[in-house]
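Presented sequentially are two complexes of chain A, the first with chain B as partner and the second with chain C.
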Partner chain A sequence: MPSSTRTVFSLIIINKAGGLIYQREYQAGLRSLSTNDYLVLAGTFHGVHAITRSITPKLPLAQTSPAITSPGGNAPVGFTYPNPGVPASGLEHLETEKFRLTCFQTLTGTKFLLFTDPMTGNVDTIMNKIYELYADYVMKNPFYQLEMPVRCEAFDRHLGAWLRGRT
Partner chain B sequence: MAAPPRHSAMLSVSNAAATPQSGSSDKSQTPQQPSTPQPTQGLRVPSNRKTIYDRHLNRSRNAELSRASFAYLFAEMVTYAQRRVTGIQDLEKRLNEQGYPLGLRLLDLLFYRTTTTSSSALSSSSTSSSPPNRPLRILTLLHLIHGPLWRLLFGRSADALEHSVSPDTPNEYMITDNDPLVNTYISVPREMNQLNCAAFVAGIIEGVCDGCGFEAKVSAHNQPTEMWPSRTVFLLGFGESVMEREKVLERAGIK
Partner chain C sequence: MTVYSFYIFDRHAECIYKRRWLPRPASIVGKSSRNESPAQSGPAGTGQTMRATDDDSKLVFGTVFSLRNMVRKLGGDEDNFVSFNTSQYKLHYYETPTNIKFVMLTDTKSPSMRIALQQIYINLYVEYVVKNPLSPAEHPGGVGVNNELFEESLEQFVQTRVLS
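Moving on to the complex of A and B:
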């Protein structure tokens, strides 16, 4: 597979409050935004993500056994998601002709946004590796303050080396 | 096998719960014990029924620890040392002080493990004709640190051992580690770039030197290269008394 079809354009990490904590580009010639624009982009995406999560369609619980539910008091009418075991997730993919945006939200609420070529396969593997590197070189670093911008030289180094050596 | 009665009692209970038809199939069931839920039990007993107290001190082959737990523990130690420090030197001094007692204590274990490579530990202790294991000369001590101590701590030898080339400081030696384990996950912020958290390891080395009777000051310094960004040099400066004794021993021909 030619390397041009397996490209990672850039990576953005957003903390659980919607603040931008990390932004790197891995491809030359991308139009770069100003720092302020990146902050706005991160905040906007955080809002859109929350909206997409909350507009997940819900199904009203079937009133098959009113005799059992009524003794529980005047509980609000229950709803369920179409797939009950899985909690509602927000936006996961956003695809255009020229790029694909993949969003991965960790259990703690940190979001990883990966801009890739639409032909790039195995984005999940890439995302998992990025998460692993983040857990190693950011979270195990005693000088990193939680929810603050990531300034970890070892993280930059390993991430860059891996993303470049991967293709 | 001298297992404590408390543990054996617990295990027999859990065995009975897991396998009602114990007996001939008991051995085959043993490895599956950790998967059986034991909510009332506070202490986790390893599946081979041996706690750390039952293990032989010399058995170090499988005594490996999780690197992630160590990384978190060490990160917490650095954070702890960072409280109320006045500067980078103060922080390095604190890390050094945390490592020093570890080095003193580690030394005995190291000697014990290097002397008793065979199982005849007790018989050869008093009447053996083997040379004493304790280093008397600086070079022997440095080899002990470079090899056995590094293997005990990090599972490999250090990468280089050098003597200071400057004629002003004949008492200085350098041990190089290309990628210190303690610094694997640590990125020091730019405004503190003098700091090297391997000062903790320097403290361990200092403890080992002092325990052997070699008064020394050990410090850790960054010397990054293109290939090894976290390359660290441990600078050992021996005291005056050590250097004088070294001269006497050299004349006497003691190795």
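Moving on to the complex of A and C:
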């Protein structure tokens, strides 16, 4: 029985259109769903992720500076985000009583969803390693078609071995 | 810690109470959300912020509803989601056994507000809204909680939380 501080339940990869392209379970703990349910889950999460970005609180700027105009015409004038230096992102961590979901979105829009135990530490390290393996064994695979389901044996093997080696 | 907004949804998915706070405590003047909303969209004054104030509660409900269902599907029926955070804010969620949902948006560094939301439900909502014989049991058509006592004590509760 692996210690709960290192438990990784499963990994889901969602392409930029909200389609499920990869799903693997590594340790029991969560209910396993049918393939169809995973597809629905991926699509739902894709939508929710976009909404969580759009409900970011907009803090109105002080009235002393009403003359600020946005040069791009893109952002509405007159408000700032809570953490002004950081671009507004969608959901990053979700905590429940039984698991923790970490979402990492790449610059190209692919989302990695990692389900871990709430006590698992260093999730960012795990996520980086997964992204590295994805880059090495999926993106560099000449037979892989972009945005299509990931069927790369080398990726499965290396990721599985690495996650098993951690526990 | 900063609290940005607070929502209550009843079991018919209706937003029965919403309250937004401006970032600086000094600028809190309005007592009810109704007084505050127009003042808040004042600086920007565009139609977009008006729409945003109006639709925010629906988007928040959609988010927590979808996430709750997702969590139940994966974690089992007794699992419940507690909070999520993005790079800009943290959303806390508490659902009563009667399916009333309490949602609070705070800054990312805030600790878990689960207990706080539970206290709001037990000490404020039940005391002042449920036990009030004049308040309606259901809130059809978005009538909402219109209760001075509740609003004032909520205000006070959040103020003490922010300062602590």
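As a convention for this text, the second predicted complex is superposed on the first by the 144 of 167 C-alpha atoms of A that agree within 3 Å, B and C clash if a C-alpha of one lies under 4 Å from a C-alpha of the other, contacts with A are read in each partner's own complex, and residues count from 1 in each chain.
One rule holds in what follows: a residue touches a chain if its C-beta (ideal position, glycine included) is under 8 Å from a C-beta of that chain, and two chains touch if they have at least 3 such contacts.
It should be emphasised that the depicted structure is a prediction, and the values quoted were computed from it without experimental measurement.
Trainee: Do chain B and chain C fit side by side on chain A in the superposed arrangement, or is it a clash?
Mentor: fit
Trainee: Does the superposition put A:Glu153 against chain B (first), chain C (second), both, or neither?
Mentor: first
Trainee: Who does A:Tyr137 touch here: chain B (first), chain C (second), both, or neither?
Mentor: A:Tyr137 sits against chain B, while chain C stays out of touch.
Trainee: Touching A:Thr125, do we find chain B (first), chain C (second), both, or neither?
Mentor: In the superposition, A:Thr125 touches no partner, neither chain B nor chain C.
Trainee: Which partner does A:Gln145 contact after superposing on A: first (chain B), second (chain C), both, neither?
Mentor: After superposition on chain A, A:Gln145 lies in contact with neither partner.
Trainee: Report for A:Thr35: first if it touches chain B alone, second if chain C alone, otherwise both or neither.
Mentor: neither
Trainee: In this superposition, which partner touches a larger number of chain A residues, chain B or chain C?
Mentor: Touching more of chain A: C.
Trainee: What is the C-alpha-centre angle with chain A at the apex and chain B, chain C at the ends, nearest 10 degrees?
Mentor: It works out to roughly 170 degrees.
Trainee: Looking at the overlay, does A:Ile51 come into contact with chain B only (first), chain C only (second), both, or neither?
Mentor: second
Trainee: Could you say whether A:Gln27 touches chain B, chain C, both of them, or neither, answering first, second, both or neither?
Mentor: neither
Trainee: Check the superposed model and tell me the shortest C-alpha distance between chain B and chain C, rounded to whole Å.
Mentor: Superposed on chain A, the two chains' closest C-alpha atoms are separated by 31 Å.
Trainee: What residues on chain A does chain C touch that chain B touches too?
Mentor: Shared contact residues on chain A: none.
Trainee: Under the stated contact criterion, what part of chain A meets chain C in this complex?
Mentor: Chain A residues touching chain C: 30-31, 33, 37, 41, 44-45, 47-48, 51-63, 66, 76-79, 81-83, 86-99, 115.
Trainee: Which of the residues in chain B end up touching chain A in this complex?
Mentor: Against chain A, the touching part of chain B is residues 68, 71-72, 74-76, 78-79, 82, 185-190, 192, 197, 229-230.
Trainee: For the complex, which residues does chain C have touching chain A?
Mentor: 2, 4-5, 20, 22-23, 40, 42-46, 48-49, 52, 56, 59-60, 62-63, 66-67, 69-71, 73-76, 78-89, 91, 105, 107-108
Trainee: In their complex, what parts of chain A are in touch with chain B?
Mentor: 136-137, 140-144, 151-155, 157
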